[in-house]
Each structure stands twice: as structure tokens, then as C-alpha cells.
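Next, two complexes with chain A in common: one pairs it with chain B, the other with chain C.
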Partner chain A sequence: MIYKKLPQWFLLILPAIIILAAVILIPLLFSLYSSFTSYRLTRPDTLFNWIGTFNYEKAVKSGVFWAAFGRTILFLTIALNLEMFLGLGLALLVSRVTRGQRMLRTIMMFPMMFSPVLVGFQFKFIFNDNVGLVNNALQSLGLSNSAIPWLVDEKLAMFSIIFAEVWMSTSVFAILILAGLFSIPQDPQEAAKVDGCTPWQSFRHITLPFIMPFIFIAMAIRSLDVARAYDIVQVMTNGGPARRTEILWTLIGRTGYVDAKMGYANAMGYVSIFLAIFFTIYFFKKLNAARVELGMAR
Partner chain B sequence: MAQVILKNIVKNYGKLEVVHSINLDVAHNEFVVLVGPSGCGKSTTLRMIAGLESISGGEIIIGDNVVNNLPPRDRNISMVFQNYALYPHMTVRENLGFSLKIAKRDQTEIDKSVDEASKILSLEDYMDRKPGALSGGQRQRVAMGRAIVRHPDVFLFDEPLSNLDAKLRAQMRVEIKKLHQKIQTTIIYVTHDQVEAMTLADRIVIMRDGNIEQQGSPTQVFENPINTFVATFIGSPPMNLLPGRVGKNMLEFSGGLILPIPIDFKDIVKPGQDIILGFRADHIMPVGHDLTIDGDSAMIEMSVGVSEPLGTETLLYTQLAGQEILAKMLRPRIVQDGETLTFNLDLGQCNLFDAVTQRNLR
Partner chain C sequence: MKKSLIQLLLSASTCLAMMATSPVLAGDYEGVTIDAKLIGGQQYEGLYALISNWESATGAKVNIVSKKNHFELDREFKSDIAAGTTDWCVGSNHSSFAPQYPSLYTDMSPYNNADQLAGFIPAMIKSSTIGGRLVMLPRAQFDVSVLYYQVSLYEDASNQSAYKAKFGVDLAPPITLNEFKQQAIFFADPPNFYGTQYAGKDEGAAGRFYEMVVANGGAMFNADFTPAFNSDAGRESLQWFVDLYEAGAVPPGTTSYLWDELGAGFASGTIGINLDWPGWSGYFNDPEASKASGNVGITVQPMGSAGIHTGWSGFHGFSVTEDCANKEAAASLVTFLTSEASQIAESAGGSLPTRSSVWDVVVAAADGDEYRTMALNAFKEGAKHAFAVPQTEYWIEATNLIFPELQAAILGDKTVDEALQDASDAVDEMMQENGVY
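Let's look at the complex of A and B:
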């Protein structure tokens, strides 16, 4: 019997290994494999049609792919920075509140509780050019008499999507930064006051270094999220019109399921993953540097 | 040049009043120590002087200005905190120079001041380390260095030595005293340790429950405690207290002990009055092991419970009139537990307190 020869510790973790393999490793390997084939969902037999790196070459040469890639980076940069500054401001305000802070913190988390699909529909309605809340409000106030094409114009659509994303996720930053603010020891801040700091200088020289690790944790988490963004954009504009708001994963989703070119979609997916990996590594490096700065790590 | 004056200072936290209208005058260059048991309002008082805590009533004057509503940065004070409160993300050099950098002094001046402070406190070897890589004593010195680079009008210390071990504490005590000699500045120093208070202070201010009980030079408060609290708080070992009653030209204690009335108190006490007799271990010693006594004395026989030899002297724990009391033996010899000795009590050094008010009758 073979299993008699297996060491006991291995037998004990074997079920875990099998389950992990089944739910993570196998799909991963399958998608990696399929990215080297001309696999189309409509023709299952193409799964065995090995075409080497053709899909990858096609992706790297594709203007549409790089446009989506660039747009994703732009989206990520703008959204993360906005969320960071707004979250920081929000956290600073909430940390000053003495009465009802608990309730405020709970309210702050509401947007996080919504599914992105729901948020997408909500803002799709709000920014709708005919029946949308924004245009209605602008028109009733007499600020505008035309229907502003919020989700149609390239810049406005990008703005609307970023707005929705920021609305949904600023609180991630706010909550993590708030945790950071609570963890700051009181003493150095008082020492800074005695050393002559104005409130701004205290913030700049004492508070900020202390919350930097928390900002970078939030950045790392959110950059992964945004690099994989799909649902909000899918719902609000479906990457359109005419690819004006196409980002990586709407492009990949469309290629895989609408055009049914699964192999090509998977190849693009694997290239895109580098983006997420790059940002994650970058922010973790920053996080570690900030912790070293505070003497929390070496 | 800066004096510090506290006029009827009150501090409330909500409905709770923790400092009750205290008055204190600190002269320029004076080293004043606020001492008292923990929770008596020392830190609160110090933090009000620093501007870290708002003032609920009264007036604080530093130099010639009422500073009640000035933020800490406009008071020209430095503070050394109990937990050092160093900036963990800055090197020792940056910690020391931070206040000058904030004040926008130019770099050469900052370097000069930082070097000077590092020499005074022998920090030269650690200038590029961060606080995390320093020992407790070194951190303590950085905290003091950070306070002195600015040449403030007033130094505030909040229990700066309480996180150090006994040996280091004794060493730093001397350094603080030297520091005060070197940089002539007003110092207000908070501690719960009466030894620190006695050794450092020009003037000791004893606080209890948000009130100032007594202030004076270390010898004054040691020799003439205003009440039984000060008598037991200041001095180590604490003053012995024997409750008793005034009889006809004598003091009666439980167990039939009778002592003459100390001469200073003869005209003050009334027969029938409940009193507490106070005397220090230094003034009750076995016959043959005592210092010369000038005035009256009384002979008492007591059996020694436990003895603590300390080298040049031995502490003797004994019972008198139902109270545990401490006596001292100079030129010590070995004392057996339970051995009965004859002691001499120096009546001229005794204090009498009123049993009801606990105040010194002198």
C-alpha cells in the first residue's frame, strides 16, 4: 500500500492540498494553458489547438489592449489619489468628533457594504442624461439647459465612473487611516506641541509619518481592487460607448464571453496581472520603508 | 529670566475637580519639585503650566505674561515626559534639533546647539541612531537634550526618572542637578518619589488630593512637617506616629506608656486633648548607640521584632504602645530577634499633631 509509506504530516494536510488544488491551482493552470490555444467558447475542440505565444503577441501588438491598459492605469492613479486625500480628510474629521463617533464610523462604512453592481446601477441612474438626478438638478436650478452626456462623452464618462468608484471606496482609506490615527501614541504629539509645532506642523512631522504605513496598506489593497475593476464600469458604460471607457477587465470580459475568444482573453488577463502585481509590490515596498522609518521593522 | 506664578489654579474634568485652587510662586532659576502620591494632581498642574491642559480657573503667569490662553508653542517652555515621548522616526540628532528646525533657525545654529546639548549629556556616540535602538537611560538623556537645546525660560519635568532602574535613577538624579547648575533656568519637576524631591529641590511642594499641603526647603518640610501626611510622606523611613492623650503634665499612651510633654509644646496642649506624637527613627536609638542628645530625653524599653542591618546603621522594627515603630542603631552590633533593648527618645526632636485635624501643633 502506497499511503503507508507517506509521512503522517503529509497525510494530514493532504485534504487541504487537494481542495486548494481543485479550487485554485487547476483553474489557474487551465486558464494559463488555454491562453496558449485558440480556445473559443463556441467551439470546445479548439481547446486542444496549441498555438504557442500567438495570443500574447497579438495582445502586445494590439492598440485596443494598450489603450485599455493605459486607461486602467489612469483610472487607478486618479481614483486612488482622490480616495487617499478624501479618506485622509474624512478620517481626520471623524477622529476629532467626540460625540457620536461610533455612529459616524458605521455610517462611513455603508458604501462599502453595497455590491459594486448596485453602486454601478445607482450612479448609472444618477448620471443618466435624460432622467438622471444630476441633469435634472442642474436643469431645475437653471445651471444648464441641455442634457449633459455624463456617460457618453469620453472625459465625462471617465469622471462619472471615477466618481462612483471614489464614492464607494473612500471609506476603505478613511477607516484604515482612522485606525492609524487611533494607534498614534499621545506623547510625541504633545512633545511636538511643546517643541513649538503649529497644528499643521504637528500633522506634517508627527501624525503623517505615523499613518503612512496605514495609507500604504490601503493603497496596496485598493490598487489590487482597482486594477481588477470590472463591475462598476460594466454596469455604468459597458466600456463604451465605442470603447471610450474601456478598461482592462471590461475588454477581457468582452473578448472572452461576447466574442467567445477565451484563449486570447486569458492571455490578456495574464499580461494584466503584472499590473496588479507591480502595484502590490510597489506599495508593499513603500509600506515596509514607512515601517522602518518608524522603527517598527528592520 | 522667567518666574512662574500660579494664582488660584483650578482644574475640572467635567464635574470632577482634581486641582483645587492652588497658589504657587516659582522664582527665576529656582528648582521646585512637586511631590505627592500618585493621582494627587501633579501632572495635571504641570500640564496646565505647559499649556497641554486647559485651565478651569485662575491665572498662570510665566515671565511677565498671563499665559492662560496661549498654546504651548508660545510659552517658551520645554517639557520632559515620563515616557520620554521621543519621535521614533527621527534620529537622535533630528530629535534634538526638531524644535529649532520648527523655529526656522538656520542650520549652522541648529548644529551648534545640538552639538552643545549632546556634549552636556554625552550623547555624541548615538547621534545617528533612532530612539528604538537606545537604552532607557540614553532615551532619557535624549529627552533632556531635546528640552535644553531651545534654551527655554522654564523646564518642566514629569516623573522623568520613574522608568529607570534604581541605579540609573540615582545617577540621572545627579546629572539633573548638575544640569541645573550648568544651565541656570527655572525648573518645575514632578515626582512621586520623596527621595528625588529631597535631593533635587530648592523648594519642595507637597501635594495631596489636588491641594498643596506644604511648601518649603527640604530641611523645613523634613523637620517641621505641617501635618501627619507630610510627616509620613517625606523622609525615609517615614516618621513614627503614636496616638495618645494629654494628661497632667505628661502624655499618656495605650499600654500604660507615659512620656513627658516635649518642651516646645508645653504651653500649646491642653489636658484631655487627643494628640499624635511623631518622631523619626533617627531620634529613637538604643542607649550607647545614639547621637548626643541636648535637651530632654526619655528612656523606653522595647523588644526588637526584626532588624535590618544596612552597614553603617541598622533599622530596628519594634512595638510601642500598640504601634509598630522604627528605630535606628548607629555603630551597629548584631541584634537578636526578640532581644529587649533600652532606647533613648530625643524629646526635643519630637512633633505633636492634633489627633482630629492631624495638623502640627507647633
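Let's look at the complex of A and C:
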């Protein structure tokens, strides 16, 4: 029997290999293959129509694709940095609370519990120009006498989406940074106090280096999340109007499922993966550097 | 109460009529199970309650395996085609979506003779026939947009005198698209009140543009499906949208509105005149749901500069898959669901029939209900000008290329000429890529 000749360690991990191959490797290879075909969902025979690198060339030459690519990087950069600063602030505040901290931590996690689709609908209503909460409040308070087109104006629409994204996910940063704050040894802090350091100096030179690895872990996780952002944008603006909020995955989703051009959508998806790979490598390098600084790695 | 009684009587007479006129003999399909994927939603469910009558008459069973809205069904159908799992039998279809599934559905002509088809409005059968194949039979769910307006705006003495002084004509619901625009700008008082609104995204935006192009004497495509909308009619149509937006006569968010937002907008009482679908008529006049109730007027949709009325229309229907194991039984179910009796029962719920004879029944049932009678008269008149979407399987894909360019012009990112040129180029490239020409 062949299986008797196989090493025991391999036999033991074989089920895991088979499952991983079935749910990850095969779909990945299939989508990679289909990106070299003219595959349309409504015409199954096109799956065998090999067109070489046509889809990739089309994506690379497409202004719409690169505009969406650029917008995704902009979206990612702003959302990630805002979430980091706000999360850091929240964590620092909560870490100072001595009574009811557990309750605060639970409340802080509420936005994470909402489905992104729900958050999208919630903010779509809040920012609606006609019946939305924000415009009604501004008009009632006499701060504005016009209907501000939150989800239409080029800058305001991106702001509204980023606002929703930040509202939902800042607590991811806050929770991870809070965990970092709890793990800081007290000795250096006390030594700094004795040496007469100001609170800013203590934070800058002691607290921050200790929590940097946690910040970079949060950055790496969230960068992957935001780079794949779809639900909130799809619900709030569907990439519009006039492609003003089009990001990679609204474009790819529409191309694949509405236009049924799965081959082209997969090619755009593979080009986009480089974005996720770049950010992951970048943040892991930063994480490693932060750990080296703390003497936790070489 | 009176309406409920009428609906009850109609349903009862429908059941009797079906038993009496059904061409299928009892037990014909004993032991056959028909898997069906149907559109779900309150307005569509009433018809499905009658399926048990067909089951009793034929001995077959209907197994509804999926019930979703049409956009979700569309994705499911595409996934089924991709996976080769199309051996279910009956599917809900729509005139705008039907051309996308060239291989999914069978030709239903062999199962329906000319007499059976003669009862349908001929234009519907024409739109259901794609590439010479009758791929669907229409149910009593016909859509064409008519003009809704707030009656008080036209009855207001100061409005009447101001309008007469400004334009030299009496204030009355608009007959042309130019009048429509003129009145919408005249009524607008943003941000509290807007003259009108329009669907600003997806197929909704492209569909509205399409009907304006036709009304202004143009066409979306030439006979060989090369784009034809970058024309004088196209420019006139797109300029209409741009002018309304620039004048502040529409809500600034209209470019992100689709049917639900538009319906809610008119019902909020903040919109003066509105092109919308028949299905909203009850909602708009419902005191519980609409601030415009008791103040709603409905009339035929306006016409463009070519003297043609707008009339982008669509209708729902049923199709039988090519891979169905018992197409005859499935076709029998579709014939039943689209029969005169079924259409009488379904339109008792407020939807519009696709059979000429059923219109008379529906109008008679509305006798004494002033609002419903006005609505039906408008829909009947509007239906005369109805035209379906161009019959290409790439219609939805084309609309996805066109509507962002329309938005770009409306929002001022591009001029009308630039937007139409870009949209035309993109559609042309897509059609060539798909081997259409």
C-alpha cells in the first residue's frame, strides 16, 4: 500500500493539506486560470477560451482601474491612520479609568459587533441629503440653509465612507493597544517619574515603544481588511456617483457579478492582491523593527 | 372593505374559471415535481397561492427552491449557468434581464399555439421573443412610468398667476419634457421643496436616459448594436438632466437615488412632479405612509421633442429552463400562471395586466374608486407608448458603462459632449470585445 510508504508525519498532516487544498488552493488556482480566459458567468463555454494576458493588459491600461486602485490606497491610508490615532487616544483614556473599566471596554466594542452592511445602511441614512440626520440637525440649528450632498460631493462622499469605516473599526485598534498598555512593565515608568520625566517624555520614550508592536499588528490586520473594503462602500454609494468613490472591490464585484465578466474581474483581483501583499510586508517589517528596538527579536 | 370583497370575489371566480378552462386534464402530470425559482416580495406572492389549484388539476407538485428579488435571482441564475446546475424548471424572468440568459431558457412556442398567445398585448410577446425564441410568458406585472404630481401645486392661485406671468401659458400638468423641466424649476424651493427627482444610478439612470433619447427622436443603438446615443437626441436628453440638477430643481443626492429613495421622496411631500412606476400609486395615496396622500394626481407621461412619449417599460414573466426534465409540465405551469384567470386574480392586488382583456376587468373593478380609476386610465394611456429595452444580452453591461458618464455630466465633472463620447466609446469597445460586431 502506498500510504504505508509515506512518512508518518505527512500522513498526520495530510487531512489538513487536503482541506486547505480544497478550500484555498484549488479556488485560487481556478481563479488564476480563469483570469487568462474570457470567462463569462452566463457563458460557461468561455471558460476554455484562453486569451493569454489580455485581461491583465486591459486592467493595466484601464484608467478606471488605476483610479480605483489609487482611491483604495488613499482610503486605506486615511482610514488606517485615523483609526490608529483615535484608537490610541481611546486606549490611553480607558487605561486611566479605575472604576467601570470592564463596562467601558465592552461598550467600546459595540461598533465592531455590527455587520458592515448594517453600518453602511445606518450611515447612508445619517448622511442622506434630503431626510438625513446630519443635514436636518445642521438646518435645525441654523448652521446651514442648504442640503449638503454628503454622499455626492467628491470629497464629502469619501469623508462619509471613511467616517463610517472609522466609526466601526477604531475599537479594533483601541482593544489591541489597550492590551499593549496592560503589558508594559511598571519599573521603567516609575524610574522615569523619579528621574523627573514629563508625561509627554514618558509616553514618547517608554509607553510608545512598548505598544508599537501592538500598533503594527493592528495595522497589518486592518490594512488587509480595509484593502478588501466592499460592504460599506457598496451600500453607501456603490462606488458612485460618477465613480467618485469607486474602490477596487466595488469595481471588481460589479465586473464579476453584474457584468458577469469573471475572467476580467479575476485579473483585476490578482493585480490588486499586490496592494495587500505590499502593506502586509511593510507592516511586518515595521513590527519586527519595533520588536528589535525592545530587544524582543533580532 | 369594498376592495377586499372585490378581490375575494375575483379570486373565487378565478379558481372556478381555472378549473373550467384548464387545458390540462386531471392527473396528466401525476408524480412530476417542478422545481421553481421565483421572485419574492409582497406584491408577487398572491399569485403563488393559486399554484395549489394547478397542482390539484394536474397531479404535479411545485417545489419553490428559491424566492428572492430579481437582482439576487439574476446573480443566482448566473452562478447556476456557471456551475451547470440549471435542471430546475421554472424561473421568474424580466424583460430587462431576459436577453442576458441566451442559453438558459427554452423556446415556449411549441407549448403555446397562436390562439393562446393572442390574448397577450402583442408588444409584450414581441419583447419576450429573443432571437426568434419565445423565452418567457408575461404575468400581470407590467411597468411603465407615468407622471405623478401634487394636485395642490396646480390649484394654487399664486402659482397659477406667477406661472402665467412668467411663461405666458396656463399652469397644467406637463405634456412635454421641456414643460416638465420648466415646471420643476418653477416649483423648486430647495432645500425644503424640489420640483422633481430622477433615478441617478445603475440601470435606473440609463433607463431614464434611454426613454428620453427615444422620446427626442433618437436611439440607443443602431441595428448592428453600435452605440447611437451620442447624437443630438442624446445631447438633448442628457442636457435635460444636467439643467435640472444645475438649477437645484432636484435633490442634490438624486444621483445616488434609485426606486426606493424616489418613492420615499415623493411620499415625503417634498417633490412636486415625479415620473414613477404604477406600483407606487397605492403607497403614494396611503394616508398612513404618504404625506402626499389625497393630493396625488396621475397622468400620462410627457413626450419629447420628437412628439414621442417616454415609455421605457418592463414586465415580469416566467420561463422554462432548457435542462428541465419535463418541459411540457413546466410550460403548463407557466401557461397557468399567465392565464387570463390568473392575471385577473393577480391584478386584483393592484398590479397591471399584460393581457388586453384583463384591462377591462380591472377598470370595471375600480368603478366608484375615483383615485384608482384615474390611476388606471393614466396607466392604460401610458402603456400605449411603452417600449422595452434594446434586445441585447449586453444591455445591463452597457448600462453599467453609461450611467457613470451620465452622472459625471450631471455633477459637472464632464461636459455633456465629453460624457456621451466616453460612454459611447466604452460601449463600442465592450460590444466589439464581446464579438457583437
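Definition applied: the second predicted complex is superposed on the first by the 286 of 298 C-alpha atoms of A that agree within 3 Å, B and C clash if a C-alpha of one lies under 4 Å from a C-alpha of the other, contacts with A are read in each partner's own complex, and residues count from 1 in each chain.
Please note the rule applied: contacts are C-beta pairs under 8 Å (C-beta built on N, C-alpha and C of every residue); 3 or more make two chains touch, one makes a residue touch a chain.
The structure presented is a predicted model; accordingly, all values stated were derived computationally and were not measured.
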Overlay on chain A: chain C relative to chain B, clash or fit: fit
Partner chain(s) touched by A:V131 [first = chain B, second = chain C, both, neither]: second
First (chain B), second (chain C), both or neither touched by A:G295: first
Which superposed partner A:K285 touches (first chain B, second chain C, both, neither): neither
Partner chain in contact with A:E190 - chain B first, chain C second, else both or neither: first
Cα-centre angle that chain B and chain C span when viewed from chain A, reported as a multiple of 10 degrees: 150
Touched partner set for A:Q201, first chain B, second chain C, both or neither: first
More chain A residues in contact [chain B versus chain C]: C
Minimum Cα separation, chain C to chain B, after superposition on A (Å): 52
Touching residues (chain side chain A, partner chain B) in the complex: 185, 187-188, 190-198, 201, 205-206, 209-210, 293-295
Residue ranges of chain A in contact with chain C within the complex: 41-44, 128-131, 135, 139, 145-152, 237-238, 240-244, 254, 257-262
Of chain B, residues touching chain A in the complex: 50-52, 71-73, 77-79, 81, 83-89, 98-99, 102-103, 130-133, 146, 150
Chain A contact footprint on chain C (complex, rising order): 75, 78-79, 81-82, 84, 100-104, 190-191, 194, 200-202, 251-253, 255-256, 264-265, 268, 270, 393, 396-397, 400, 404-405, 407-408, 410-411, 413
